[in-house]
Structure formats: structure tokens, C-alpha cells
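Next come two complexes built around chain A: one with chain B, the other with chain C.
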Partner chain A sequence: MSSGAGYGTYALSKRRIDGLFVYAVIYLAFVYVPVLFLPLFSFNDSIYIAFPLKGFTFEWYGKMVDSPGLITALTNSLQVASIVAVLATIFGTLAAKAVTRYRIPGRGPIVGFIMIPLVIPGIIMGIALLILSKMAGLSLSLYTIGLGHMLVCVPFSMLVMISRLEGFEKAMEEASMDLGENAWVTFWRITFPLSVPGLIASLLLSFTISFDEFILAFFLAGTDVTLPVYIWSQLRFPSKLPSVLALGACILMASFVLVSFAEWFRRRGT
Partner chain B sequence: MVDRTAPTAALGEVQLTLFQRMRAIFLRYEPLRGFALLSPTLGIMLVALALPVGLLGAYSFWTQNYLDIDHTLTLANYLKFFKGIGIEFQMPGIEFSPFAITWPIGIYLPIYPSLLLKSMKISGMVTLATVLLAYPMAYFIAFRVTQHKMIWLILITIPFWTSYLLRVFSWKIILGYNGVINSGLMSLGLISEPISWILYNPTAVVVTLAHAWAAFAILPIYVSLEKIDRSLLEAATDLGDGPMMRFLRVTLPLSMPGVIAASLLVFIPTVGDYVTPKLVGGTTGIMIGNIIQSQFGKANNWPMGAALSIISMLVITALICAVLWFTNRARKRVA
Partner chain C sequence: MSDESFISIRDVSKHFGAVKAVNNIDISIARGEFFSLLGPSGCGKTTLLRMLAGFETPTTGEIYIDGEPMSATPPHERPVNMVFQNYAIFPHLDVRGNIAYGMRKSGLSKPALDAKVEEMLELIKLPGYGTRGANELSGGERQRVALARALIKQPKVLLLDEPLGALDKKLREEMQLELRALQRSVGITFVFVTHDQEEALTMSDRIAVMSMGRTLQIDAPVPLYENPKRHFVADFIGTMNFFEGSVREVANGATTIDAGPIGAVRAANRERSFDVGSDVLVAIRPEKFTLSAEAPGGEVNVVEGRMGPTAYLGDRSHLYINIPGRDQPVAVAMQNLADSTTMIAPDQPVWLTWSENAIVLLPPEDV
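== the complex of A and B ==
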């Protein structure tokens, strides 16, 4: 009887409001509340970020749109992030395909080598690349930032693609080849459609990482800066803070829309 | 007699061009095709990773003269790091802060080693706090939520899609002298003047980082919990384990890979973090990343900065290897 009852409570315990559920709600609050102060104060009609709230205003959003530095930084970030996302996904996919599809001697060490950027603090990679560009005579620009971001995004992209390509794909490809298709047609009719969800995940992940990355960009930025570097330069001036908060609120909103869209897309695909 | 000239002539007719022969070799040997696919990625990693880290190593053995770099190899930067380590005697005493336990005999650490040690302490506490707080949440999503797991996971991750800088900055808004807590408490009439000690100290750094990296801990732990074969839990229950024993003997050990992955994912980037100590750490909360940065900025001593980076990297790597080795040994002993 005890075992039956034990299993019963285990199954039942999935739907009840208890300590764990309360904890989950408190945890969500801990994660959300600090971030939600950004939109809250971005509508506050006062230059000081403090309670009590003064009044409702769109002034800071107007100021945000009016600052040319911000718009340039945003465009730079979008450019760098898009290019990095595409390139990192291409490189990551090629490498993932190589290690999942072919027997390669020294596979472990090679994958380990590509994953190294994930276990080195960003600041060290930043200064290492800074030294490289100085010694190679490269002037710091959006290209050096992009190179730095590639370093972080390629391993992530490769991880995503390995988990997507592993397993099912080889047999399907072989079936296609056996049925007389050549490698090119096989790629477009089998490999590519099957890896689309992985490709989209990799593109989104790389884009987000690059768009948000600060430390590498901080060391590798020349006169053209990306959005995080611009935000960093604004944090020192109290008078600029409300517009920065407005910007933060916009980024939060945009991410929300993007994540919802990605999830909608994922559900539609399956 | 057999005519031996005919086959040779036939062979001559199908003689392959050099290109075709190379193509045949290429198609026959799998590793070759594999390496061809890998080569662009490996190439970019060699140029953007191996080469710069090598140069960083080279820089650490050089010296900064006033404006240029002296390329003579020297250990001076490393000696500067270790210089002054010694034994010291001091009054014993324990303050109410985990950062300020003083022992009667201690090892005196000069500025660089003590900063590195402090950074690792702060990151260690961040890692501990993040993983401990995240575990029940990951457990909740993996075992309690039945239908809308994805919704919960997305709810958890959305705040982490905002800018990292702004996530850190939001804590400055909260803890600041005129911040949310102080102005809130004052407008409620609970305090008459702002509390100043809540910002600009190591604890503020720990709280901020624990919040900023929360999602990185939840996801790996969730994945490892989700992978656990549910029939093992039923077996434990059938064999008479209560919920507590079942958790300690089945769930927790099986989720350890996720816990270790989460710890590494949080620990490694936070040791070198530069933003958080700069924004909320004040003078007592500075970490090794700030010192490294200053060598490339105001202090303008790139070789010293390079040496500090190399030392930090080696110490962190050694620590991680030690942790992985111990957990491996523990796992073997259990198995």
C-alpha cells in the first residue's frame, strides 16, 4: 500500500500550490522587479530617479530619439550583430557538420579548442585582440569588434548546430544519395530543411550575444561605437540617465516581441 | 602467347588528370573532407584566438618603457605580481563580513594577489548564491510544471534579453544613495536619511551579479533535471524512500552535471567582470578586471596588464581543473 500511495502522491504533487510554487513566484519577482524599474522611471517626469513618482511623461523618449549618437550606435550595433550572426552561423554550421558527419582524427581536442572562448573571461579575450590589432597595425573599428564577437558566437553556433545535426541526419542524406540525387540536391532538399530550426536558433543567439556584448566592444571600439559602449559612456552623466532608461525600456520591449515571435515560429514549425 | 601491350594501352586511355586524381583521393578519405569543412572555422579561431593569446603571453614578458615597448624577455612583470608575499602577524578578530575574517597569523598578500583572491571569493559567492537560488526554480519547472514548461522558461529568460549593462545599472538605481530603496523608505517615513552602506561594497557586487547571471544557472540545471528518467524516482519510492531521501539519493546526484555546468558558466565570466564592480562596487568592491583594464587605460602598462591576465587565466583554469577532477573522483567513488 505504501508504495502505491507514494507514487500517487508523487503524481498528485504536480498540481498544488505549496512552498515550491510560492518560491517560483518570488523568484520570478526577483528576476523581474529590478529590470521593470527601467520602464517605470522612463515615464517619470523628473530627472532624478527616485520615489515618489512625479508625473507621466514621454519627454525622455523624445530626447532619446533626438540624440544622433544613440541612433548611430544603434545602427552600428544592428549592422555588426547581423553580419556576425550570419558569419558565425555559417562557420559554426560548417564545423558542426564536419564533426558530426565525418570521422575526424582528434575530434575531441579540435572541438575543445573551438570552445575555448566560452571558458576565458571576456576581458582577457578583449585585451588579447587589442594587442593583436595593435601589433598587426589594424585600426580599431567596427570590424575589430565584429572579429571579437565572432570569437564568442562561433562556439555557441557550433554547439546549437551539433545538437541539431547529431543523430537523424546521416541516414536521410545517405538515402537521398542512394536514390540517385547528387550532393547539391541532397543538401538543398534534405540537409538544409532539416537544419532550419537550428539555423534560426543559432542566428538569434549570435545576434543577441553580439548586440548585447560590452567588454570586447569596449576594448575593441574605435571612434564608431556599438550601443552598449554608447550606453556606458552615457551612464556617467546624470542628466542623460532618463533617456538611457527609455532606451532600456525599448530594448526590453523589442526583446519581448522577438522572443515571442521566435517561440511562435518554433511552435508553428513542429 | 598473351599480348601484354593491349592492357597497357587501355590503361593509358583512362589515365586520370591530376585534378581528377586529387578529387578521387579527396572523396575517398573522409577525414580529409571533414578537415576541409572545418578549415574555415579552425582558421578564424587560430587567427582570432590562438594568435592573440600567444601575443598576450609574449607581451607579458616584455617591459613598458615610457612610450615604447622593450622587447627583451624578462620575468619582471611576474615577479612584480608575487613580490611582497609574506607571513604577517596581526590581532585576531572576526568581523560580520565574510570578506574580513582575520587570523592571528596570515599570509600577507600585496595588492595584485589579494585582488585576484578577492575576485575569486566574490565570484565564488555569486556562483553559490546563483546556483542555490536557481536550483529550486529549475526543479519546479522540470517536475511541477506539466503543460507550459516553455512559457515558464521564456518568462525566466526575457529579462536577460535586456542589455547586461542596464541590468547591472538597475541595481545602482535600486541601491543608490537617492535610489529606489532609500527614496522609497524615506517617502514612507521609515527612515529619515538615506542609508549609504548598501551600495559600493562587495555585497552589492554579489547581489547584482547573482541577479544578472540567474538565467545562466537555471537553464543547465533544468536540462539535467529534465533528463532524469522518471522511472528511477518511482523505483526509489517503491523501494521505500521518502521524498527527502529520494531527492538526496536520486535527483540531486543525477543533476550534478547541470549544477557543475551552471557553476562554471557563472564563475568564469564573473571573475573577470569589469562592469559590475565599476558601477556598484565602489573602492572596496573593485576586482581584478578593473586593475587589468587600468593597465590598458590610465596606468598604460600593457605588459603588466598582459601578465596579470595570464596569471588570472592560469589560476582560474587550475581551479576549474581541480574542481572537475574532484567531482570526477567523487562520481567514481559513488559508482
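== the complex of A and C ==
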């Protein structure tokens, strides 16, 4: 079904090859082609990342599973990211609720204060937190990394939940209370179900931020490291590189599946 | 000796910082009354309603419902339910889920609750709508579901915050009559907030006209319209013509006023009396004038002018008469009767007359 000729409707089925279309293609290529090199070279039968491709192999995937340091680092990252995602979402949601539902004196400065970690350069934050940990007598570990990540993820979570709660009729919570339910039950029966898309977005966002985060993890790591730090430390060993690519391809695949699912879920909810 | 009134608002104020949204209000509402709070935006009517519901606490004063003070009672424990301005229908529940929402703690068995929901659906004239999703409803349907959701709890008081504002004119007029009939049959005390004075006049037993946090006059619709006590009330309700004048003579039955451009005015005396020589505002409703193309004779309550613009409204017409010496034309409203005299052409001379009983005298204050 195509549109009529002449200016007017762009029916979806009829795409005009014009400047905008070409730009879109180039843009997508620019963003995604470098990423696609990961799976490409993870199947390549050579430890050197260079063309021409030598052959197809699953060797690196096998090496990846066999490499204990890699698997440990991955597990550490997953643990830290999961816990940070949940805690940051909880704190971010509580903060968002306070900001949108109550008249707190000094609300603007408080929100600004919570947002500060987003604008401070990562290195400065890392060094500052390192010094603070030493002074407080905290030994560096996955916990210190987690705390550092909380500082960065809570503001994001709060932002997501503020936008979610503001578009949400305050009147609905009042209606629930008017009909006889107290604040807790109202939260459970009304606010929570309606916030679920926002909560999921916050969880995914915080998880991703924590999982990817390098600078704070580098400064605040003890003997246990997270995945980005581990990968960085292995870059000097060229033979280790392909299995890292294999891992990267796996993470890419997992992200793709996760985001597709989240998007399907989001659309289903509307 | 307990207060007779069912809802008692005693010297209530609400301050938001320096802003006095509600300023020393005293209102008594009787059981089973349809009571309206009427006023322009920002007059404090919604704030007052929210204090009745419990969503705001009074800065000073106390609210009593059925004899009980309410200041320590949170909204979910009050015998009061509210229909919100945009209805606040829960989007993730169907119609049945919405209506039955407040009945969770009622202890009713599922079949009993289902029967009650069906009863409510019949009442709001949406039978069988139980399984419809909230997003599938039109504006009028949502309004009725919001109503059913509140009424199923059989509250002592129902609060309505401009519930008809979002509806188109025909539906709104229909709903006004339906709400009135519903209130009469159910017998629940209604407190209704609106800025639409016609709506208030149509539905209410009594109306409190509010401005800037205060009540200016509390009366039934007819006395409010025919006998406003203040300039604001006279102007806000319907249309009103105002003429400045000074009192020339006060007799047993009537007061005579020199009212400048419209000449001498004789007004039948009402409760308020004015001293000779004092300034006074003469107020006459547009529909109280009689129009004629020839001089009717007489020395009071008559004035000559020229026909100005007219507006044809089908069943009636609004005519504007220019009076020499007066900037603003006099607004006149006439029914378009089948045998009415031929229309007077623009700029032609025309005479206005009115009766002594058609005049409201007001103090020339706070214009």
C-alpha cells in the first residue's frame, strides 16, 4: 500500500532514498559497526585483531569459560550491579516520592545536592572516595565499589522516578486514601503497580551503569575486581584478548535480549 | 445544646506561607443539603473542599461532621468521599475494580460485593460495564464511574470538585439534572465546588459565594439572584446593570434615588435602608426592563436611549441600549415571543421602564 505521488504523506511502506535516509544509515553504521567487530573477531581463528579473517572457531569461547579470573570478575560485576540496581532504585524512588509529593523546605538545593556526583569528574570522585575509605578505616573491596556506584546510580534512579511520578496523577493516590486506604496500602495498590515501568527502567539503568563503570571500580577495588577492571588489566596479554572479545560478544547478546524484552514489556504495558 | 448543622465549618483559615487561601470562614450545612461553593479561580473554594476531605489541615479553626471534630482524622478515616476534578479513575483496574476499590475492608463476600457493584452500575446508568477497562471510557462515563466509586461507600458527605467541567455543554446540563435527582433520591449531603454560576443556581439548595478566601453571601438560589447583598455577588451571578446615584428621599414604602443618566429611580424598600444624601449603587437585572418604541410617560423608573448592538440567542435576545451620559450601554434581555413587537432598528430611540420591585440597592463599596 503506497501513498499517492506528489508531496504529502510518507507511507511507511514507501521509503524515499533521500538525504535524510542516507544520513540515518551512516549514523547507524557509525554507532553499531564498531560494536559488531566484537562478535566478528570472537569467532576469528587468530589472536590478532586484524583483517583478513583466518577462520571460524569456537576456541575463544571455550577459553573464556575456562578462564577463572575472567569468570570471577564477571560474577563480581553481576553481584555488585544487581545489588546496586536494587538499592539505588529503592533510595531513588523514596527520594523521588519525597520531592514530588511533599512540600519540603529547601527542596531545590537538596535535589541539586543529590545530583552532584553526576557532574564531578570520575577520577576526582575516585580519589576522594579512596582517601575517605582509608581515613574511615574501610578496606577496599567489592563493598567499597558498591558504595561508590550507589553515589552515581541513585541520582539517575531518582531522575527516572521523578519523571514517572510527576506524570502520574497525585489525585489517584488521594482518591485511594479518600476511599479508605492508608498510605501504605495506597502505595501497594496504586502507586506501585503504576510505577512498575519506571522501576524497571531504573533497575536496568542502574544495573547497566554499575556493570559498565570503570573509574570508581578501579580506584576502589581491593583484591576482588569487577569485569571492566579485569579486562583492562589483561590488555597487555595479547593471547588473552580473543577470549575477552568472546565475553564481549556474549554480553552484547545478553544486552540485546534484555533490552528487547524490556521494550516488549513496556509496549505491552501501554 | 448541640449545633443543628450536619457540617460545621467554624472560623476556618488556611495559610500557605503569606497567602491566605481561606480566611475565617464560617459555614453550616444541613443534613441532606445540596450545598455549593461558588466563586472565581483562586477564591479558596477548592482549598476549603480539600480541608473537608482531609487533604489539607486548617491553619486555624475546626471542622465538625455530624458533631465530630475532624482535625485529627486523616482522609481515609473520614465519613466523606470525594469526586475529583479529573475523576482520578485508576487506569490499571477495570470499571468493577474501580467501583469496588474502597470496599476491600467492608467484609462483604464476593457475590454480595458483585451485587452491590451491579446496583451502582444501574444507578449510574451503565449496566454491564463491569469488565470494561478504565481507558475505554468516555469523559461522561468516567465521571459516573467516579461517582459510583464514591457512593458505594455510602458516605455521610459527598464532595464534588468541579466534576462537570470537562464535559461538553449538552452532557453537562444532562448531568446537572441527573446529579440533582440522584442526590434527592440518595439523601446524602453534597458539597459541590464550581465556578459556573448557572450550574450552581440549577443544582443547589444553598450557595456560598466566595471571593479571595472569604464567603460573601450564603443563600438559596432565588434570594441570591434576586437579592444580592454586595456588588461582587450581584456582578458574579448572572448579568447586572449598575448605576451610581445618591439618595434623595426615603419614604415608607420606597426610596427615591437620583441616578444621573437614567434619571430618578424609585426602589421598593428591602431589609437595608439608606440615609438621605448617601451614595448608593442601583442594580437592575437585564430581564427586568420593558422596552418600548414610544415614550411611556412617567417621571421615575423610565429613561430614553438609543438602540445599540443586539445578540440573537434563539429563545431570547440580548439588547444593548445606549444612554446619553453613560459610557456603558444598558444590558437588556428579552424573550423572543411570537407576538412581540417589531424589532427596533439600531440607533432608533427607545424607552426603558422597570418596576420598583426590580431594583436592588447596594452600598457603593469594594468595586
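The definition used in the following text is that the second predicted complex is superposed on the first by the 252 of 270 C-alpha atoms of A that agree within 3 Å, B and C clash if a C-alpha of one lies under 4 Å from a C-alpha of the other, contacts with A are read in each partner's own complex, and residues count from 1 in each chain.
Just so it is clear, contacts are C-beta pairs under 8 Å (C-beta built on N, C-alpha and C of every residue); 3 or more make two chains touch, one makes a residue touch a chain.
The structure presented is a predicted model; accordingly, all values stated were derived computationally and were not measured.
Engineer: With both structures lined up on chain A, is it a clash or a fit for chain B and chain C?
Structural biologist: fit
Engineer: Taking CA centres, what is the chain B/chain A/chain C angle in steps of 10 degrees?
Structural biologist: 90
Engineer: So, A:177: does it touch chain B (first), chain C (second), both, or neither?
Structural biologist: Touch status of A:177: second partner only.
Engineer: Who does A:147 touch here: chain B (first), chain C (second), both, or neither?
Structural biologist: In the superposition, A:147 contacts chain B only.
Engineer: For the three-chain arrangement built by superposition, which of chain B and chain C touches the greater number of chain A residues?
Structural biologist: B
Engineer: I'd like to know which partner A:255 touches here: chain B for first, chain C for second, both or neither.
Structural biologist: First partner only, chain B.
Engineer: Could you say whether A:193 touches chain B, chain C, both of them, or neither, answering first, second, both or neither?
Structural biologist: second
Engineer: For the combined overlay, can you note the least CA distance between chain B and chain C, rounded to whole Å?
Structural biologist: Value for chain B versus chain C, nearest C-alpha atoms: 7 Å.
Engineer: Identify the residues of chain A that lie in both the chain B contact region and the chain C contact region.
Structural biologist: The overlap between the chain B and chain C interfaces on chain A is empty, containing no residue.
Engineer: Using the touch definition from the top, list the residues of chain B that touch chain A in their complex.
Structural biologist: 30-31, 33-35, 37-38, 40-42, 44-45, 48-53, 55-56, 59, 133, 136-137, 139-141, 143-144, 146, 150, 152, 154-159, 161-167, 169-171, 173-174, 176, 178-180, 182-184, 186-187, 211, 214-215, 233-234, 237-238, 240, 264, 268-269, 271-275, 279, 289, 292-293, 296, 302, 305-306, 309, 312-313, 316-317, 320
Engineer: In the complex of these two chains, what residues of chain A are touching chain C?
Structural biologist: Residues 169, 171-172, 174-182, 189-190, 193-194 of chain A touch chain C in their complex.
Engineer: Which residues, counting only chain A, touch chain B once they are in their complex?
Structural biologist: Chain A reaches chain B through residues 2-3, 6-7, 10, 13-15, 20-21, 23-24, 27-28, 30-32, 34-35, 37-38, 41, 48-52, 91-92, 94-95, 97-99, 101-105, 110, 113-114, 116-117, 119-125, 127-132, 135, 147-148, 150-151, 154, 158, 208, 212, 214-215, 218-219, 227-228, 231-232, 235, 244, 248, 251-252, 255-256, 258-260, 263.
Engineer: Would you pull the chain C residues touching chain A in the complex into a rising list?
Structural biologist: 53-55, 74-77, 80-82, 84-86, 88, 90-92, 101-102, 104-105, 149-150, 153
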